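One structure follows; several queries about it will come next.
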Amino acid sequence: MSHVLFAAATVPTIKTPSIAYHAIAPILIVLGAALLGVLVEAAVPRRERFNAQIAVTVLGLIGALVAVGLLHNTSLTTPSPVGSSESFYGALSVDPAGLFLQGTVLALALMATLLISERSIEIGSPIVASAAVVVGSPDDKRLANSERVQTEIFPLLLFAVSGMLIFPIANNLLLMFIALEVLSLPLYLMAGLSRRRRLLSQEASLKYFLLGAFASAFFLYGLALLYGYANSVDLPAIFNAQRTSGKSDVLLYLGLGLVIVGLLFKASVAPFHSWTPDVYQGSPTPVAAFMASCTKVASFGALLRVLVIGFSGSTWDWRPIIWGVAIASMVIGAILGVTQTDIKRVLAYSSIAHAGFILVGLVAVTSDKGQSLASVMFYVLSYGFTTLAAFGLLMLVRDADGEATHLSQWSGLARKSPLVASVMTILLLSMAGIPLTSGFIGKFYVFRAAWHTAGPLVVIALLCSAVAAFYYLRIVVLMFFAEPPENAPTIAIPGWSASVALTTGVVVTVFLGLLPEPIVDLAVKAAHLRG
Amino acid sequence: MTPTYYLVLSAALFSIGAVGVLVRKNAIVVFMCIELMLNAVNLSLVTFSRINGSLDGQIMAFFVMTVAAAEVVIGLAIIMSIFRTRRSASVDDANLLKY
Amino acid sequence: MTTTAHGIESAAWLLIALPLISGAVLLLAGKRANKWGHLLGALVPIVLFVYALMLFFAVKHEHNREVSRHLFNWIHVGRFSIDAGLLLDPLSLVFVLLITGVGSLIHIYAVGYMSHDPGRRRFFGYFNIFVAAMLLLVLADNYLSLYVGWEGVGVASYLLISFYYDRNSAATAGNKAFFANRVGDVGLSVAIMLMFAYLGNTSFQTVLHSHLSNGVASAIAFMLLLGACGKSGQFPLQTWLPDAMEGPTPVSALIHAATMVTAGVYLIARSAAIFDQSQSARTMITIIGAITLLYGCVSAFGQDDLKKVLAYSTVSQIGYMFLAVGLGPGVYAIGIIHLLGHGFFKAALFLSAGSVMHAMNDRIDMRRFGGLRTVMPITFAVFVCGYLALIGFPLATGFWTKDKIIEAAFDKGGTSGWILGIAALLGAGLTAAYMTRALVMTFFGEKRWEDDVHPHEAPKSMTLPMIVLGALSLVGGYLLIFGGGVQHWLTPSVGPSVEEGVHTVNPTVLSILTLVVIALGAYGAYAAYGRKAVPVEKPVAVSPITRAARKNIYADAFNEAVLMKPGQWLSRALVYFDNRGVDGAVTGLAAGMGGSSSRLRRMQTGFVRSYALSMLGGTIAVVAVLLAVRFQ
Amino acid sequence: MSALAFTYTPVAAAATHVPHSYALVGLVLLPLVGAIIVFSLKTEQAKLAKQLSFLISLAVVVYTAIIAIDFNTDKHITTANQFQFAGSWVWIRDFGVHIAFGVDGIALVLVLMAVILVPCVMLASWNSLDSKSGAEEVAAPGAPQRSVKNFFGLMLLTEFFMIGVFTATDVFLFYVFFEAMLVPMYFVIGSFGGPRRQYAAMKFFLYSLVGGLLMLASVIGLYVTTGSRSFAITDLIGHVPQGATQKWLFLGFFLAFAIKAPLVPFHTWLPDAGAEAPAGGAALLVGVLDKVGTFGFLRYCLPLFPQASKYFAPTILILSVIGILYAAFLAIGQRDMKRLAAYTSVAHFGFIGLGIFAFTTQGGTGAVFYMVNHGFSTGALFIMLGLLLSRGKSRNIDDYGGVAKAAPIMAGLFLLTGLSALALPGMSTFVSEFLVLVGTFTRHKGLAVLATTGIILAAIYVLYLYQRVFQGPAREKTAGFRDVNAREIAAVAPLLALILFLGIFPKPVLDIINPAVKQTLHEVHQTDPAPKLGPNSVVAGGTK
């Protein structure tokens, strides 16, 4: 694309570059499904709409997943020039690492879809029937108890997923920015679509939107500065410019800093984390699950690419930043989680802490031949499944106001439902990094990658995970060792869709703890970014 | 005219926008401040385009404008729905989620 | 050197196994064994005694009179190799005969004495276990095996002292005995470790036939001495022994008079070769012996409890034995003979005392006795036999050896010889005095017992052993000393006696002097207690010496003030420190974490603008760090 | 970036050819399968769960015994082939991690000890869950019934982890067992414990976790610094770089083990956990789980970090001696009998630490034997306390007195147990304690003598407890105590019998332990000091 633009300035003829459509097929499939979803929304009668949307979404995601699977050996950048040109960089880089992350996003998104489409737990679905209706108005009350469901969320989700697919393979900062917006804008809306506690949901939506836009502005300004420095927003070009450009390094580092900030915001890394607890708490639970898993995968993918492709030459300059924000994330995530009373906020702080752990793995990403890259990819995958299942479980524990997320309501849960309590325990132990769960393997993997480069950071990370273990264990203590409260919540029986999602999450968590070999192998093989 | 001035102007506008986000209470105004930041970036892009002698920056400005427009749509929808519920567009009123 | 066991000797392990099995049967069989348990228990030592006699004659014919019986390899780790084995030599056989002989008599006595006690079976179980442990102690052929027996008798002693466990005083006394013994055990343990560290072995064969440097020999000797003091109730670990009288009387007779408490003397005699290499340790033994013998005498004066009098007497007599074995190569045998004689007469005295108790409804306060000689003639007669032997009446058992010990003390020469000699002499006088007091208060004078008490002579099962022991008290010493038989017998173990030499004081003069002192002591006591009626209540206005004697010269008070109280305080202080300090650091860390968490979470104000501020701050920090790193 | 194809070197290839390489896998899996079966029973099938668990645990004992009989004690040992029944299968190739099992003498006797303890604990806990609360509380009205099958399932699960942790010969696998073992014990304490069970369970887990995570750092460091691309212990021995790296790595392992053991001053979780855990759980916790710490010293700290071990040995020895005396004083000052028992164990762990870091065969063998004996002894002690508490419903010693009157057999068993705890000569505990002391003495005389004074304190805390509980006049409350029944006797008697038997004839066990300890010391490059005077000083014919 940039070649095209550049060419336009000097040569009057425009050569159409060739696009490897097969390589971007997953993106196209999801986008196509999303558009189809919009059409369904317009054309299919309300009664059929829900099933139609689910079909479109699920098939779209599965199709994309299959496409990713078929592409697994691909490594190319696209578009590519028809003639030869010495400085042409494809805006999209379809490479093994990117495909791994895309596959992860798609799988997690599929599970999130299943959670969103759960209708047995609550009349309708966890999603508000009509977001436009004023909260508390008679219409709102009527709709809240009606069977009416809202289906716009599915196309929104698909659009977000398409953004997430582009995000980690964008080789061009502008494209990355657009992907960022494409994934964010639907999420802002989705955050506000909770069926219950709509005020909170709307507030979450507003906060997420304002802060997200604020962060985008930083990203964009960084992009502009880098453009000024390198005369291109292609990552390889920026990398090359660092050796050749005569411009002031201030531009480079200001730009790098601001771009990183934009990405760290999405990944909910401290000190850019402050939206996370509020938004997770306010959002509909399946949406929070979607954000906590998929967004994280995508944004770390983007961060990896920026650092490895664009800035592996200045590793020593940005490494202190990663150290700093990693420590900040782990410490804030661990310590602030200790006194939380809402289980969704606990998971949010856990997510912040985990972002820190992932960053630990990321420290050595430019210097160790793919080990770090593989470890980060493995970590986001295992964490994604675990956290998604954990959020999904929250949907099952309910009282009259919807989900019972206050910790005190979880006490004695094992009496009521040993199964839910046991499953939650497995997930929490995984988050705490106890062996025989995927969390342990993930932690081991990232820490091993970082050990040589950042030994002290690993020790800090381990100590933080000990602190964080406190709040996971506290939930276990409550569920198993405490007496149930007076107004004990009820346990809803999930329908097939949520059951499938939850089972998958737990099975993956345990499986990756016992036999991680296949996925580790996959990550190792995929640990390759193409500039 | 040195293009650098435009860069300084752009930085100033960006900073004004950022500070505006921090000090203004009305969600619409906050949002406008963010738009101001985006437009400051546009100014930068165009300036750099000029400095670097390539058109890419100018094209990018269009992209940014488009994205900003999309953002407005979403943003106003969100602010609107909150306003209808709360009868207030103050961002400080949206303070249920905390600690 | 030693002969390997053969024939009858090779079954010597039965000496230990039989009573152990019997004890185990009695304890494990439960109520089923109530009917016949005591008979089994009493039969075992008799069988053992017979076997021991056979062994005695068998060994007597062996070359060198040392027979070893290897049993099995007990512990083998690296160079540390301990074989479980038995050593039958003159010293051990003398003890075996004493233990089984006197043991048999006391077992028989106990059948009668304990006949009304519901815990009789348990008693015999413990008693047999004691016999097994004691025999192991004397038969062991290395120090570690000895240690096992050493501790085994300690446990048996503990169990029997606290036999009436529902009495707090008995339980406490048992504990006290065990704790004091443990202090001694530290010494014994360290001694064994020293042996291993320096010699690589702990068998008598090696240790006793090695040249040690004076320092090492002294270190080992002092540590052994500490062990001996604990077991034998010697200063400064003596206070448990009088309290041990809480146990049934046969226990006091067998364990806390005749056998176990003399194990310290055995240990020193056994380790003669080590003590011979350390003059300082030997001097220490004599000092301890002298202090203890006087201490025992003085404390015995203050007691109104007949058994306590005898207990302090035991303390004092073992002091004599220590003095003897401390005096050196020639006197070991005298010490051992005194030990054997003491086994007879002290057992006789205790059994008589038990008989008195039995008659007086388990009351033991001498102030409540009086005039018992007519009611209990046999008991009285046996007590008198024991009394004569103990005070060293001419030709009675104690006479021969006590005289020799006093003589040897003077013969040591120098100032120390004089001091030790005079102490021993003084002790003889005091012994006569307190024993006379006890005799008079118990058997003479007006009867002072309460109305509900109807004293009567003991049954035959009790009186018969008493008579035998009484007779042995009178003539046993003569048998032991006659012709130097025992001395010669012991020579292979402890070396020959030195008969001739330069005497500091002419022996004849000294003998007469001793007799005079004894007579004076006896008369003095008679004058004080026999002439006038003994008050039933303790007189309150008494001299400081009496007051001190009543409180065993403040030894208990000292222990309580210096060891127990500070120990308890330390324990409490450490508990506080552990909870507040060590654990406090841990919980404090957790609390700090929680505190900082609840403070930090306030930063999450809920205002979107403050979030934006933190983001902006973070951004500035990130950029600043980047630039700082780059342009530093 | 295509250089990711890590070269994989087969580990312990020779070992996999040993015919019995699957034997230990079976042993590890047996209790796991049992646990899964028991967990899958219905809550109502409590009786079946008990019987099944007990049978499985007995089967494990038999299985282990067969392995022990098959164990070759005369084998010539080298670093590479120090494990018997070794088997190794790749688990995660990229991590260089193997599912690798194998036993040397040290591991074998500890496994034996653990599996013998489990059925005893089960017998002792047979009816302990019938009351609706912890043994020391009176059940609150309306308290729900606790799940018997879960308790027994957790016991089997714990057994699985215990066997695994002792038999793993891959550092990573060991770590997995080491950490995962916390979970079942956490549930045992938390679900079936006393009034402060939540606090105790949490403290236990977090404290251990902190240690475990520090160890994780070292485990990773081991991999990174040795460059061996394998976690098999035989591949790592001798490859850890000397100097500061080794010291740091050592500290990571050491802290984890010191917390687990626990060594003063990292001990404060144990009194809480030991006191709040149900008696059976406490028996396993203190009897077996804590041994993993001291086992780790021997298996990992010494061979992997010989230089650092020597560097830190004086400090550890001093800590051990402090622990012996300090914890003994604390035990004397306790009012809570289970806390008392926990503190006695802290003191005993001091002895074990002393033996290990004295670097003598006597010390090392003594320490391992000590672990075994202490497992039996403390297991029996906690079982006895459990029986007592189930009658008295109070952990406070002052609430008791004169129990021997009503329950003489119980008193006798308790006293025997107590005597084994104070290392009475004639019991196996004595043999081990003396070996430790004598082994220490040959190198560090002062420390050994100080430690020896601990035996006085041991007598005080044991007998003082016995006096306050069992002796003295019977109380109104204690007079009605039921004496132990056959089942309860059967729970303790085997342990006491073993303690007595091994006290008189410890040779079979010592012979198993000895070669392994020698090998360990060989890896630390230590030999026993020779007797100072040597055999030359022995004069034939005596000195007379």
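The letters A, B, C and D name the chains in turn, as written, and every chain counts its residues from 1.
By our rule, a contact is a pair of C-beta atoms (placed from the backbone, for glycine too) under 8 Å apart; a residue touches a chain by one contact, two chains touch by 3 or more.
These numbers come from a predicted model, not from an experiment.
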Of A-D and A-B, whichever chain pair has more C-beta contact pairs: A-B
Central chain (distance from its CA mean to the mean of all protein CA atoms): D
CA centroid of subunit A to CA centroid of subunit D, Å: 44
Cα-centroid distance, subunit A relative to subunit B, in whole angstrom: 25
Approximate Å spacing (C-alpha centroids) for the pair subunit B, subunit D: 65
Separation of subunit C from subunit D, taking each centre as the mean of its C-alpha atoms, in whole Å: 37
Subunit A, residues touching no fewer than two other chains: 206-207, 210, 214, 277-278, 470
Contacts with 2+ other chains: residues of subunit B: 18, 21, 30, 91, 94-98
Multi-chain contact residues (two or more partners), subunit C: 590, 601, 604, 606, 608, 612
Those chain pairs that satisfy the touch definition: A-B, A-C, A-D, B-C, C-D
Sites on subunit A touched by subunit D in the complex: 369-371, 373-374, 415, 429, 432-436, 440-441, 443-445, 447-448, 451-452, 455, 458-459, 462-463, 465-466, 469-470, 473-474, 476-477, 480-482, 515-517, 520-521, 524-525, 527-529
Subunit B-touching residues of subunit A, taken from the complex the two chains share: 2, 5-6, 8-9, 131-132, 134-136, 174, 177-178, 181, 185, 188-189, 192, 198-200, 202-207, 209-210, 213-214, 216-217, 220-221, 223-225, 227-228, 231-233, 277-279, 281-282
Subunit A residues within the subunit C interface of the complex: 206-207, 210-211, 214-215, 218, 249-250, 253-254, 256-258, 260-261, 265, 270-272, 274-275, 277-278, 314, 316-318, 320-321, 324-325, 332, 335-340, 467, 470
Residue ranges of subunit C in contact with subunit B within the complex: 601-602, 604-609, 612-613, 616
Subunit C-touching residues of subunit B, taken from the complex the two chains share: 18, 21-23, 25, 30, 91-92, 94-99
